């Protein structure tokens, strides 16, 4: 199989995931600010997931760049990653509609932890940021049952870490 | 990253946005014209947004044409633009279901204003039409609280301005 | 603009239209044949629209094959066609849920009539099958108010005409 | 028609099918484990269908690899296959929401049996695994009315057979 078709299929799936998440933002019946207020947590969880899916899409490209031959193993490793990502709209909606309660926030971390832990990432070799993310996700999942907002702060920190260009963060951590 | 994959991903997201908007046109229970009547504002807001997304898709191509190297900055500037566009189905549905009330109409302008104001557009350099659009959006957002229909007229004027081929409009404004 | 990107975007939109139509097949609560029975008209209208969208996708390719330069006019003619197609999931659901009542069946013909009548088709030059389709759609739209099932038979005949390879049908009509 | 566009369109449709299935996982109102419990059968049927669609996507590539010229026949054979796949989200949701009752489980087998039996597969020549799958599906459809869980076990066995690389399974069956 040509890598191009694997990329195109994955791009399609990721494009759909990032877009159907917005369907959880149900159109409210009222037309004033009060009608929008209950949507705030749903919107915030949408923003977080949009950034996360963006990061995964960006990383997906890097993972595939290393791949030369697309065999059955790579194909299923890729589908394994897409499977975890496909659950993101569900957990994003659940987290948002329950105002960032403990269990949804923990499940949020579990899904991204599995995505990061996918055979595709392992096959290519885990990078520094990937290892840090795994540890922070694990802490956040446990922390969610103590204070779910602190877990969310950790998720945001992981996102920020991926948004900062690589060299800068390495210079901060290893000066 | 190759520009082709960025284009393909953006095309996918924009194609989904323009298509899932129609899901707000909920199938009515009756089968006569009276059953269709409450759908008229939803349909009109759908038509307006379909044209707008079409304009943004067309402009997106022009923005990327100037881009040579796809680095992290371009990638996130692109996702920033797609984020605002992804909110269009929500605000289109909200505006339609509330019969073009003040707040939804204002939010409609805010979302497209942000889309136009996205780092991708700024990185490439704002064109004449882009500047005019920004000013008209800003007027329309305020006007929405006075008379939301007048704001809609402004949105339609912006759309018409983009639909007219470039040379003709410049000849009208600078004879 | 390269024709490739126009094709890819159109393919994306048509792929989404043909797939989201199935969302109108709402999962029933019961688990016996009786639970499936009310879905039969919805399923039949889905099958008809699936074939129609398949025909339009096939024709779309032929239309674009003639196009050399993608200018603003072609782009908007293409979006005009996609707009009418984007309404197909709505009218398919409406027709199915109202058991092929007069008005939904007429609207079904109106939407495909407009799709066929789109500037893209006109720009390329109407073919023989296209002209026949237009006439049959017009008859079916009026016939729907007399007997909506007869109108459906006409829609099926149009679909069959497009499914038969070209030479064979011309040999039948002009022996 | 170029094979590339047929592939791109099919990839788009399959990417949408595999992703919109997750919309059947409706966000629950509660935020504890009890709220997730009723989703377990829906989730399990989602996992099974995700793997199946992955297998079909992989096979689709092999089918098209043999195709040289894309004529009307190949095009419609391909749409015939996509039609059956497009029904997968519906039957997956139905099977999950009815806790793997007899009729939904039988319909599940019928849909995949038809997909496997599609003219595209026949045109290319049925492989060994394809023949086995057809027989197992037929047994599972009948078995569903005796014990629907046993039918599900057969579906899982078919999936496992396709996931194992080809040589290994042939070595087991013909030592």
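All chains are identified by letter, namely A, B, C and D, in their written order; residue positions are counted from 1 within each chain.
Quick note on the criterion: contacts are C-beta pairs under 8 Å (C-beta built on N, C-alpha and C of every residue); 3 or more make two chains touch, one makes a residue touch a chain.
These numbers come from a predicted model, not from an experiment.
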Self-contact between copies chain B and chain C, residue sets same or different by half: different
Farthest chain (mean CA position) relative to chain B: D
Superposition of chain A upon chain D: rotation angle, C-alpha, nearest 5 degrees: 90
Mean-CA-position distance for chain C and chain B (Å): 27
Averaged-CA centre spacing for the pair chain D and chain B, given as whole angstrom: 38
Residue list for chain A, restricted to those that touch at least two other chains: 8, 12, 16, 20, 23
Footprint of chain B on chain C - complex, ascending: 1, 5, 8-9, 12-13, 16-17, 20, 23-24, 72, 75-76, 79, 82-83, 86-87, 89-90, 93-94, 97-98, 101-104
For the chain A and chain B complex, residues of the former touching the latter: 7-8, 11-12, 14-16, 18-20, 22-23, 25, 27-33, 36, 47, 50-51, 54, 57-58, 61, 163, 165
